[in-house]
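For reference, the structure discussed in these notes is given below.
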């Protein structure tokens, strides 16, 4: 159902309105977190350590080998850093959306529906957790190491690809979070399915595409376009071939793919919310 | 008394006087999946709200009661725009709630009895500051409304206390204030006095009465406490199985249900049963006697008569239980001719 | 009711409690399978580079992945068992009620956790393993005796895991907020159990250390038995030793904590 308060015909106004509500609510959660500083410090550190383990495993692997799927450690670290940072951004922004199922079960989603702000923004900001910075920082560290260790002939275009990948990748992961939350309107207990695509997707992208089966690579290129987070653009930066036969310009399409994903996620969210408002369950 | 609130009547001119809330044959049908085997499920349709029609005028204070699962909260959810009706027409202040949820939200206030919307770990005032910004309440208006709520709900000493440290009654008062800072024209309250002690209940009721009298805020409340209705609402609606069974004054509800109040009389000594029709003695225990009399009648003449004829020490009146009243009413409606039902619902 | 029957009833309760979340279980199976597939390809690449790494051939390495996914939830590598509830009871003081129950605190929670583990093994262990068999060439044993030995090792793994988490939960008697300790606990367990990478692939001294720690009993020990990479008896002995030592430590900590509750009145 079109919520015309800020204009279904004026989506721009709705987005601004949503961002405003998101900012207001996250500020409240940050203040709440600061009520328990020690716990906050500990969980942020834990968040950092838990995600760092993934990279430690890669280091352990490289203690026994020189190349994985034909990629050297700095190259794998590059893929890892891009994937982890892009995901870290999305996780920080929307990582608590899987709590929607709980709100549906205990009926507290209704308290958000009587507020004059878009529900998506309110759910996205719900339980905003600053400790998720730990994951983001860890990703940035690995990316920093990779950039210093890589031997690349940098061009302005290749340099510009880095922020472009992080932002587009973050947006792609954000839309996965939103679709996952929308799915919970249908299956309230299924929040873990979303983990397969978010955390699972991030793990997949940490490794070079050359080690995976062609069908899997095709799946994450054409069906669930995670390959646009880092694989396609990063392989251009690294000057390596993509396992699938794709034209070179595809490496520059992540922003378009991200925009498409966000639009689809928005539609999925709308459908989910509409089904909730017609069934009340 | 000066009113810090803006008068509701001049807040919006788009709703006709006399029909602030309008429901015309509103329905809500749910598909319920019931597990009948390990994987087998049965689909069943449930009419949570079955063709309900009523109107509420600006400034009315209406009690909305019925057994659990009767459709009360489904109705409230449709009125607030949370749920989309399956059929019929619904308008609040001229707005279709399900289509223009966020625009309506600016004009209504909602208090969910058992679900606080306050921020658990933050001082109470922080929740109000969020309301201030989220509802874009003009600064002067916000300060005025906050001051008034703080004064009347006695929140002054609580503003800097984290919400998790508030008692249930304090939290409810805090929640009511939060729902009123943006000058809503209508306030929906879901069980506003549930779990509160006697003093907190009285304070909440007094505040709601003042709010309605001074500001003309329309109030719709669901409750299990008959005293809420008695002390606040001139009008009560009873819903059962998704249908509106009664709509009228509380006294009429007692009449329909033949419900009775009880007068407990303590005499100076043991005496034979008191004779004071229409009241009749239902129990005698030493010098104490219990007299039942129709709830629709005033207790005053009865008390005067007994005081004049018998040596009184003390007396008290016991109210009938709301569940009992409703149950009796529903029972008598089932027995009565069908036209009674339609008469009542049309009124 | 006999003592044995009491704990059997508690275990059955633990089983049923988790059995009610069907959708969540199905979603979890899906996640285990997805992670299994991703991990399997990384192991394939690793073993292609270094065949017979850690003494496993390629099929064994792939099988190891799916054993890990099958056991992850059953042996509570990443938490999610009874410990959150026990911590909450300690925090709210409800633990005092448990102490007056005519049952041993540690055994009571162990029984419940064993019931939970049995459900998780059946629900979240079997399905991912079947997926693994369908998708990859695995090296699963055909001798029933090997499977029996594996199940015994899994049972011991659950007990060792329980004993560790019991200690973690009891820390709530002394710490205001136990989430930090719980977090350190599951991060350590994830790394040191062999969940992410078989412990015999860990290089040099680090490998020696992690293989000697109690967490090796959780994934590495049962996996080695199923893969036929280790003689069952020494593995059992090591698991039993850790289980006994950690349960005894838990019992000691429990009696210290109990005295504290009795003295302070909760």
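For clarity, chains are labelled A, B and C in written order, and residue numbers in each chain start from 1.
Keep in mind that, in the parts below, contacts are C-beta pairs under 8 Å (C-beta built on N, C-alpha and C of every residue); 3 or more make two chains touch, one makes a residue touch a chain.
It should be emphasised that the depicted structure is a prediction, and the values quoted were computed from it without experimental measurement.
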- request: Using the contact definition from the top, classify how the chains connect: line, ring, star, complete or other.
  value: line
Message: Need the most distant chain from chain C, centre defined as the mean of C-alpha atoms.
response: B
Query: Taking each chain's centre as the mean of its CA atoms, how far is chain B from chain C in angstrom?
result: 52
Message: Distance between chain A and chain C based on Cα centroids, please, to the nearest Å.
response: 30
- prompt: Just curious, how far off is chain B from chain A if you go by their C-alpha centres, in Å?
  reply: 46
Task: Quick one: which residues in chain A touch 2 or more of the other chains?
output: 36
Query: Which of the residues in chain A end up touching chain C in this complex?
result: 36, 38-39, 42-43, 46, 49-50, 53-54, 56-57, 60-61, 63-69, 187-193, 195-197, 200, 203-204, 207, 211-213, 216
Task: Give every residue of chain A touching chain B within the complex, in rising order.
output: 1-6, 21, 24-25, 28, 31-32, 35-36, 106-108, 110-111, 113-118, 274, 277-281
Message: Give the list of chain C residues in touch with chain A in this complex.
response: 21-24, 26-28, 30-31, 34-35, 37-38, 41-42, 44-46, 49-50, 53, 177, 179-180, 183-184, 187, 190-191, 196-197, 201-203
Message: Which residues of chain B touch chain A once you look at their complex with the stated criterion?
response: 28, 30-31, 48, 74, 77, 80-84, 86, 98-103, 105-106, 108, 110, 112, 115, 117, 119-122, 126, 130, 133-135, 162
